Structure formats: C-alpha cells, structure tokens
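Pasting the structures in now, so scroll down.
Same chain, two partners: chain A is paired with chain B first, then with chain C.
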Partner chain A sequence: MLSIKNLKASIEDTEILKGLDLEVKPGEIHAIMGPNGSGKSTLASVLAGREDYEVTEGDVKFNGKDLLDLEPNERAGEGLFLAFQYPVEIPGVSNMNFLKQAINSIREYKGEDAIAAKEFLKKVKEKQDLVGLSGRLANRSVNEGFSGGEKKRNEIFQMAMLDPKLAILDETDSGLDIDALKTVADGVNQLRRKDNAFIVITHYQRLLDYIVPDVVHVLSEGKIVKSGPKELALELEEKGYDWLKEDEGVNA
Partner chain B sequence: MAYTETELAEELENSKYKYGFTSKFDTDRVEKGLNEDIIRQISSKKNEPEWLLEFRLEAYRNWRKMKEPKWAHVKYEKPKFDEITYFAAPQPKKKLDSLDEVDPELKEMYDKLGISIEEQKKLAGVAMDVVVDSVSVQTTFKDKLEEKGIIFCSFSEAVQNYPDLVKKYMGKVVPPNDNFYAALNSAVFTDGSFCYIPKGVKCPMELSTYFRINEAGTGQFERTLIVAEDNSYVSYLEGCTAPMRDENQLHAAVVEIIAMDDAEVKYSTVQNWYPGDKDGKGGVYNFVTKRGLCDGRNSKISWTQVETGSAVTWKYPSCILKGDNSEGEFYSVAVTNNYQNADTGTKMIHLGKNTRSLIISKGISAGFSENSYRGLVQINKNAKNARNFSQCDSLLIGDKCGAHTFPYIETKNNSSKVEHEATTSKIGEDQIFYCQQRGMDEEQAVSLIVNGYVKEVLNKLPMEFAVEAKKLLEITLEGSVG
Partner chain C sequence: MSTTSKKDKFIANFMKNPVADAIGQQQTVREEAFQALRELEFPTLKDEAWKYTRVAGILNKEFEVKEVENPALSENYLIPDLKVNRLVFINGKFQSELSEIIDSDLDIKTTAQARFENHDAVGGYLGSLTNHKNEIFTALNTAFNQTGAFVQIQKNKKPQFPVHIIDVTEGEGVTYQPRNLFVLEEGAELDVIHTIEGDNGQSFTNLVNEFVIKENAKASYYQVQRNGEKNNHIQTTQVYQAQNSRFRTGTYTFGGKLIRNNVNIAVDGENCETILNGAFLLNGKQHVDNHTFVDHLQPHCESHENYKGIIGGKATGVFNGKVLVRPDSQKINAFQSNQNILLTEQAEINSKPELEIYADDVKCSHGSTTGQMDEEALFYLMSRGLTKAGAMGLMIQAFAAESIEIVEIEPLKQWIESLVEERCKEIQD
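Showing the complex of A and B:
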C-alpha cells in the first residue's frame, strides 16, 4: 500500500528526514515512536504534502502511484488521511459544512456524485456515536473552542467519515485522559479492516495497549533505526531511546 | 446635523499612501460639460416642477464652489467633470446582435453565476428592450403594494405623482451641499428609486431596485429616497442580482432614509461593479453618500453591505440617531483584489438619549489591493447613555495587499459607552493545508475559510442575496492564492 524508499526531506535547508524506508501493507497497523524532534511529524507532513518541506531524495509509492507528484488534496482523494497533532481552528465554518465539502471534494476526485443530504446525516450520526461526540458538533465551528480532547476526537470522527485507505495518526493520544484515549482507540479498532492501514505516531506505549500494532518502528534523527514486534514498545518504555543510538552502527 | 462629509474628509487628509493607478475617461460623447443651461435642459426634459429645478441649480452653484476631496487612502485619476455627458442618457450601450459578440471574460462570469441566457442578453445589451421589460417586472407586484398604500416607483415618477412627498423629504438627510459628490448628484441626478411606507404598514416583501438595474446607463447619478412612517417596516435591497459591468466610470449616488417613531428600515446592498482589470486599468469609481436618519423614537436603520466591485470605493453608510432610543446598525463585508481600493465604513452620529449602534466590519484584501475601514462614532452631549460596539476585522490573503483600520471616536458625554475591537489576521497556510488534507483544492479551501469569516454579515442578508454574495466572493478571490 505504502512504500517509502530512502526519503530525505529538509525544511529551510536543514535536513530532517535522512533516508527513511518504510513498507506498509493493507490490513497492518504500524506504530512509529521516537524522541521529540526526531522527525515524526515531519514524516507525516511530507506524506500529506505540506509545502514547507522540500523532498530532496527518495521515492514514495501509494497504491502504485507516485505520492510525491500529487497535490495534497489529490493525496486525500487517493485515500490518505492525516489526523493532525495540532488540529486547526476555522472560525465561522461549521463542522458539518466542512465535512460535507470534504466528502464531496473527495467524491468529485473519484468521479462520484455528491453525497445525498439524508445519507450524510445518517453517516454523521453513526460516526459521532463511534467517537463519543454525539450532539456536540452540530452547531459549532471547526475545532473552535474545542478542548484538546475534543479536537483529537474530532480528527477521529473526520477519519471515520472519510473512510481513508491509509490513516496517519500524529500523536492523537497526547493530552488525552484514559477515557478519551480508549474512545480514540475504539474508533480506530472499529475502522480497522483488511483493506486499510494505519500509521500510529506516538510518544507513549500506553496507546499501544489499546491499538495493537503489527510492527513498531523507532525513528531517531530522521531515520528508522529499529523495527520490531509490539514488545519493542515496552522495551522502549523501560529503557528510553538512548541505547538505540549506541546500537545504531550495529543495526545499520 | 452639524457635520458634513467634506469636513470629515479634510480631517482625514493627512495619511500617507504610496500607490497609483491610471484610468482614462471615455470622451466619445455627444454633449459634454456642465453648466446651468444643461441643468435647465435636464429638468425641463423631465418635466420637473420649478422647486426641483431650483434645488438642482442651488446644488450646482454650491458644487462649483466646492473642491473635490482628496481621499486619504485612495488614489486615482480625478474625473474630468467637463468631459462627462450629464444629459444624454449616459453612454448608450452598443447593441450587439448575439451573445457571441460579448466579451468572453464577461460571459464566463455570467455562466459561473448561473445566469440564464435571457438574463445574459439583457445584461450584455444584446438587442432587446430592457426598459419595457423592466417596467413589466415592476408592475407584477405593484398592485399588491398599492393595496397597502406603499409607494415604490422610480424617482422621476415620484416627482410627477407625489411631488409633495418628494419635496418634503428630499435633501433632508443629505443636504445638497453635503459634500462634493452629493452636490454634483443633487445637480444632475437622472433617476433612482422612491419608496414610501405609510403608518403602521409592514411591507410584506423585500423591495429591490431590480427594475432599475436593467435600464442601461442610468446608474451614474442616481438618487434613492426611502421614507418609513411611524411603526412601519421595510427591507430594501439594492444592487444586482447579476454582475453589472457599468460602463460609466464615475458613480456618485445619494441614498436617503428616514425612519419615524418605531419604524424600521433594513437596507442591503450587494455591489459588484466592474473593478478594473488585473493590472488596475478601468473600473468604476464608486463615490456614494448613503445616510439614514432615525428621526423618531425607537426607530431603527440597519445597513448591510457586501462590496466586491469597483476600482475605487468610497462609501460610508451612516446613521444619524436623533430619536431617543433609536438604533443604528452597520454590517459590512468589503473585498478587494488585484489593484482595487476600498475605503469604506460607517458613521454613527448619536444625538438622542439611549441611542445604540452596532458596527460589524469584515475586510478581506488580496492581490495588490488596499482595503480600509474608516468609522466614526460620535456621541453628542445630549446622547445620554448612548452605546456603541464596533468590531472591525481584516483578513489578508497573500502579502502584497494592505488592510487599514481607522476608528474615530468622539464622545461628548460621560454616561455613554463606546467599545471598539479590531483584529487583523492572515489567512492561515495551516488552515488551507488542513482543508486540502481533507480533499479540498486550494480555491475551495479559501472560499470555505472566507465564507466562515464573513458569516456573521452574510447571515443578515436575505437568503437569495446571501447566496449571490457567496458566489461573488468566490469569483472575486479566484486565483488570489498560490
């Protein structure tokens, strides 16, 4: 589904991603962990197509297409979704209006007709329940005045509405209490299917108690320095990241 | 009413502004220039009563003594008043034989707005008797209005049929010597609209100047007079249900509103005149004097405007809150792109006790444009317990445009309260990227964000007008990012 080869990216002439490789297959959940500043959000932004980053080398294939050749909205149309670490507020734009526009833009990209009002409302109701946001979105503007937890849940809600092929969750767990964390994890688990995949970026092992990954990767200084089964997360929790740096030469 | 536009303009003269653009007037006219004879001709051709001729002549004599104001934040080539044709129906549109001859750029815009082919023909001046057509439009609801005693007709008709009413109220709110352009208008105005709502009558439908728009070329010096008697209500719409590319370079209108005891008038405008091309050539200069007088107790006048057009806009719909407990409102969206200039705002003059005013202004600047909000809130000595709240927001798209906010506040008593809030923000790349990540292209993203930003004002417009305004915003801002 996603195949990243030797990806290098920089911002303002500082190289952040320094030759990153990653393979994600349908049905899989990958966790990416790593210290602050290691480039996790950068990876997510580059995949989503943020302009600020310059890709200097490498190749990214997404379902057979050259991802890096596509505009951000085209990537979304192809089924890539990013749950933002810091969701943006858009004053005056209602959540419903925003979502409807999003759904219809993606439908248009795929050559489909706009969604019928009835179908849309039905879907909203169903997915709202999934993330425990029922009745709390209708009359509010996108993320405006939302608590941290509500913003994160709203990201998952949008994900559920758009039903992407590949969803990248950038620290969706940070700042959440345990109940909210469970809600978010539940949402992901219910959406999980054989034909879609998730990349879960996180700082803490605890999310992985609820979303069980197939693979855990450690990102350090712009490269994946170690990959392993879910137990790797526990090991990281215990030992921190420093031991990996010393290891780096051996692994490479 | 102790102040005039001229006085204010003089006060505002000293701001710096470094910006120029050129525009030439088409001089290919039959009759040019302005003198007393021309005014006499206009008046006699229109079969006007003596007092109206006197009104015009006095205005003209005043105008000759006045100096054209220098606008603080607006620069343009001054109109050459001797080269304008005042009398001949201003520049008759070239008759075209089919739509194929219409400027393709214009045609594209019509198509985007979803205007029917028939309507397109009218607008583009394809052979068709628009005047006859517009008269019939008007008469369809005339009967209904007459039943209620509402008068709604062209200004010329009003002069013939209701001379006493016209004489009584005309120039009461905007005196003929008020400012340079109002004086010019008073001398040479060609036509306009007249609206009279009798005591206790709530006008059952939105009144719109639709019929007037189709009359090619009368828009240059138009005059509107709205009188709402005690306890009456009217919602009045001015402007286009379609883009009007006015060929006249100078547009100097006067709008007067009078609200008596407990009366309410809502006046909504969507203005989308030709803004000039991408390089700032051509376009309409829109110098308009709009003023409402809350003459009676508990009266209310509310201005809502969406301004997307004109090369230069200079316009301050104002309220004079004379009656005790009277209320004035101003909701505005002003969008500028390319090389447009807008200097708009409002004036709220509080004279009576417990008078209230509310100002919500949303400016959007893109391209190389300059967008200024200029507002005056004046609370006079007798306006005990007067209240004003102003919210002036500016949104910038790109980094070559400008937004300016000039609030002028004068308070002459200490029982009143004036609050002013202002924000300037750049349309966020973060916001655009967020929308793009959800599948929208850049233009959809900008239009969504902008619509959110102006929602508070658009909500004040009647439904069809709001839809229209949204489309106009989209068209105006097309290609303004990226």
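Showing the complex of A and C:
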C-alpha cells in the first residue's frame, strides 16, 4: 500500500529525514516511536503534502502512485488521511459544511456522485456516536473553542467520515486523558479492516495498549533504526531511547 | 490642458440633455448645485478625502446619456424566492413595463414624476440632506439628475414587501445620475434593496440617495454592486435619523472598475441604532473606496460598523470610516471594524478608521486588520480533500459572513452569500 524508499526531507535547509524506508501493507497497523526531534511529525507532514518541507531525495509510492507528485487534496482523494497533532481552528467555517465539502471533493476526485443529504446526516450521526461527540459538532465552527480532547476526537470523527485507505495519526494521544485515549483507540479499532492500514505516530507506549500494532518502528535522527513486534514498544518504555544509539547492530 | 477646461469639458457631457423643470424649493436646490459646479474643482490625490482614489481617468473620457432600444430584464437580476416591489431603471431611464408594484397602497414613484406633481415631500426633502454646495459629485447629480426612485411611507405604515431598485447600465460610453429619495414618517418601516448591474461597456454613473428617517422609524438599505467591469461609479448615501429610529445598511461590492461609496449618517436624536456593514471582493485592477461618516449629534445612541475586504489580483481597496461624537453626545456606543485579506502580493488596502470624540462618557472602539490567507487552515482543509479553490472559497465565505449577517431578509441574505461563493471562484490567484 505504502512504500517509502530512502526519503530525505529538509525544512529551511536543515535535513530532518535522512534516508527513511518503510513498507506498509493493507490490514496492518504500524507504530512509529522515537524521541523528540527524530522526525516523526516531519514524516507525517511530508506524506500529507505540507509545503514547508522540501523533499530532496527518495521515493514514495501509495497504491502504485507517486505520492510526492500529488497535491494534498489529491492525496486525500487517493485515500490518505492525516490526523493532525494540532488540529487547526477555522472560525466561521461550519463543521458540517466543511465535512460535506470534503466528502464531495473526494467523491468528485474519484468520479463519483455527490453524497445525498440524508445519507450524509445518517453517517454523521453514526460516526459521531463512535467517537463520543454526539450532537457536539452541529452549529459550531471547525475546532473553534474545542477542548484538546474534542479536537482529537474530531480528527478521528473526520477519519471515520472519510474512510481512508491509509490513516496517519500524528501524536493523537498527546494531551489526552485516559478516557479520551480509549475513545480514540476504540474509534481506530472499529475502523480497522483487511483493506486499510494505519500509521500511529506516538511518543508514549500507552496508546499501544489500546491500538495494538503489527510492527513498531523506532525513528531516530531521521532514520528508522529498529523495527520489531509490539513488544518493542514495551522495551522502549522501560529503557528509553538511548540504548539504541549505542547499539551497534541497528537494523532498519 | 488646464484642469478647469477639463472640468468644463466633462460637465459639458451632461449639458446635452435637458433636465426636467424644477419648481419652488427644487429650483433653488438646483441653482445651488450649478453655482457649486462653477466654483468647485474635481478632487485630486491632494484632497484628503480622495487621497487614494484618482478620478482624473474618468474626467478624460466622453460620456453620453443614452437610452437602450429594447429594454429587457434579465432573470439574473432577480433575487430568487423573494417577492418585491420592483423598480427597474436602464441607463437611468425608468422602465414601467419591467417594473412591478405589489403593495397596493405604497406611495412609490419616480423622482421625476414626483417633481412633476410638485409632491410636497420631494419639494421639502430632495437636496435637504446633501452636501451639494461643497461636494462636486453631489452637485453634479443635483444639477443634472433626471430621475430615480421616490418612496414615502406614511406614519406607522410598513409595506408588506421590500422595495427593490434595479439599476442597469448598457452600452458604450454611457452616463447617468440616479437620484433616490426615501422618506419615512414617524413609526414607518421600509426595506430597500438596490442592485446595480451592467454590461462591459465603459460608463460613468453618479448616484445620490437620501433617507429621511423620522422618530421611531426603521429603514434598511442593502446594496449589491455588480457593476460592469468598466463601470466608474460614484455614490453618496445621505441619511438623517431622528430619535428612536433605526437604520441599517450593507454595501456588497463584486463588480465595477472604480467605485467610490460614501455613506454619511447624521444621527440627530436619542436612542438611535445605526448599523453599517459592507464587503468588497475585488480582482484584476478594480479600485473600491468605501468612505463612511457617522455623526453622533445626540446622546444615548449606538452605532456598529463592520467592513470586510477580500482583495485579489492587482486590485486596491480603501476604507475610511469616521465616527464623530459631538461634545454633548454622552453615552454613545460606537464600534468600528475593518478587516482585510490580501490574496496576492500586488493587492492593496488603505484602511483608516477614525474616531473623533468630544464627549467624555462614551464607549467607542475601532480596529483594522490586514492579513493573508491562513496557510495552516488551507492545508488542513486540503488534507481533507478540498481543492485549493474550494478551501479558499470556504474561508473567504466565512470571513465575509459577519458583514452579511445583518441582512434581515433571508432570501436576500442567501443570495448575497451565493454571490460571494461565485465571486470566490473569480478572484483567486
């Protein structure tokens, strides 16, 4: 589904990603962990198409298409979704209007008809319940005046509405209390299918108690320095990241 | 060529057409206007009130008052789902065939007709508020205007439907000067919608409105400017508010080449409410200048002003809003805001909110902001699948919405919102 080869990316002439490789197959959940400044959020931003970053080398294929050639909205159209670490407040733009346009833009991209009003409302209700936001989005602007937890739930709600093939969760767990964390994890688990995949970027192991990954990767200084089964996360939690730097036998 | 002869040459454009006879007070007003035209000069950038708006380009051209041969009303000029008392003017000439009055007891006619009948209200009020002795474009209109709409609402009356004036400009080198008068007697209510339409011909239009709003009366005046792309348009709306009255106006600009909108409101009674909003969505080389003046002559009043500018291409916007609170006008609440988004490097805004306060117990504030599109929000919307144009459109609509909220006629509000949406597609990049 996603194939990243030797990806190098910079921001303002500072190289952040220094030759990153990653393969994600349908049905998988990958966790990417790593210390602050290792490039986790840069990876998420580059994949979603944020303009601030310059890709200097490497190749990213998403379902056979060259992802880096696509505009952010085209990436969404292809089925990529980024749950933002810091969801943006957009005063005056209504949640519902925005979501409807998002769904219809993606449908248009795929050559499909616009969603019927009734179907849209039904879906909103269903997915709101999924993330525990029932009735709290109508008549409000996108993320405006939302608490930290509400913003993150709203990201998962949008993900559920758009039903992407690959969702990247960029530190969705940061700043969440345990109940919100469980809700977010439940949302992800219910959306999990054989034909979609998730990349969960996190600083802490605790989210992975609820979203169980198939593979855990450790990102350090712009490269994946270790990959392993879910137990790797526990090991990291226990030992921290420093032991990896001294480990001669790092494998990518 | 000296400026004087340029002025004479320009004024000569209007001399070709005989103006309707004026009687009594109207004759005096017109003579005052002619006197002013002899004495005054057209403004240059050296005049503070015209610092950013250059009219020399208009004065160099020749214009003519021209009628159209087969006047027709485009479906596009009508506001969907709204029943109105409609007055249609094409190139300044009243089109009775295209007009329709559905409120049976409404005192509505053209100013020409009212003048011909020597209507009391016209005799008493036309030119009573305007500054035609000192302001040259108002003098020009006062001297040469042919007709316009005249509406008088009697004491405690309210028409069932709004009055919709449609001014259409068609053809090359056209000029005309509409003159509208609205008189609201005590406790009367009136909603006026004024839409300005035009084709691609070069033209010059010079409009003057007067609103006389007596005690307890309520008037609204919503204007939608869809002027043709080579239209030069100057207008002045002069308002007088007596005590306990309410006036709200919204000016929404989409078209035109050079537009100057003056709104001058004399709040001359206690407990008045005044709302003046506007939005301008500009593109290409458009130049739109909004000048407003609220004169608080009496205490215990409230005024709110909110203008939004969205400027693309190489267009220029000007906002100059002045609020004057006179020495004995205590307990005034006056709020003024102008916010702008520049879509390109070449887009320009000159914004100057002004408060002049001579009373000490007042609550007044003003503010002006200018910025670019929020890139982070754009990326967020695009990451959800919206195209760049779609995302920008959504954000521009959200930005403009505050200035449109005051429109109390729901179908009109929706129509203006849809025009904003359409305009968004035209003004990007």
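Just so we're on the same page, the second predicted complex is superposed on the first by the 247 of 252 C-alpha atoms of A that agree within 3 Å, B and C clash if a C-alpha of one lies under 4 Å from a C-alpha of the other, contacts with A are read in each partner's own complex, and residues count from 1 in each chain.
The definition used in the following text is that contacts are C-beta pairs under 8 Å (C-beta built on N, C-alpha and C of every residue); 3 or more make two chains touch, one makes a residue touch a chain.
As the structure is a computational prediction, the values presented were derived from the model and not from experiment.
**Q** Sharing chain A, do chain B and chain C clash or fit in the superposition?
**A** clash
**Q** With both complexes overlaid on chain A, does A:Gly77 touch chain B (first), chain C (second), both or neither?
**A** After superposing on A, A:Gly77 lies in contact with both chain B and chain C.
**Q** Applying the document's definition of touch, where does A:Gly149 land relative to chain B and chain C: first, second, both, or neither?
**A** neither
**Q** Is A:Gly175 in contact with chain B, with chain C, with both, or with neither (first, second, both, neither)?
**A** neither
**Q** Let me test your reading of the model: by the given contact rule, A:Phe98 touches which partner, first (chain B), second (chain C), both or neither?
**A** both
**Q** Looking at A:Gly27, would you say it contacts chain B, chain C, both, or neither? Reply first, second, both or neither.
**A** neither
**Q** Touch test for A:Arg50: chain B only (first), chain C only (second), both, or neither?
**A** Touch partners of A:Arg50: chain B and chain C.
**Q** Kindly list the residues of chain A that each of chain B and chain C touches, one partner per complex.
**A** 48-51, 71-73, 75-77, 81-82, 84, 87-88, 90-93, 97-98, 101-103, 105-106, 109, 141-142, 158, 162
**Q** How about chain C: which of its residues touch chain A in the complex?
**A** 374-377, 379-388, 390-391, 394-395, 397-399, 401-402
**Q** Which positions of chain B touch chain A when the two form their complex?
**A** 428-431, 433-442, 444, 448-449, 451-456
**Q** Flag every residue of chain A that touches chain B in the complex, lowest number first.
**A** Touch list, chain A to chain B: 48-52, 71-73, 75-77, 81-82, 84, 87-88, 90-93, 97-98, 101-103, 105-106, 109, 141-142, 158, 162.
**Q** Which stretch or stretches of chain A touch chain C in the complex?
**A** Against chain C, chain A makes touches at 48-51, 71-73, 75-77, 81-82, 84, 87-88, 90-93, 97-99, 101-103, 105-106, 109, 141-142, 158, 162.
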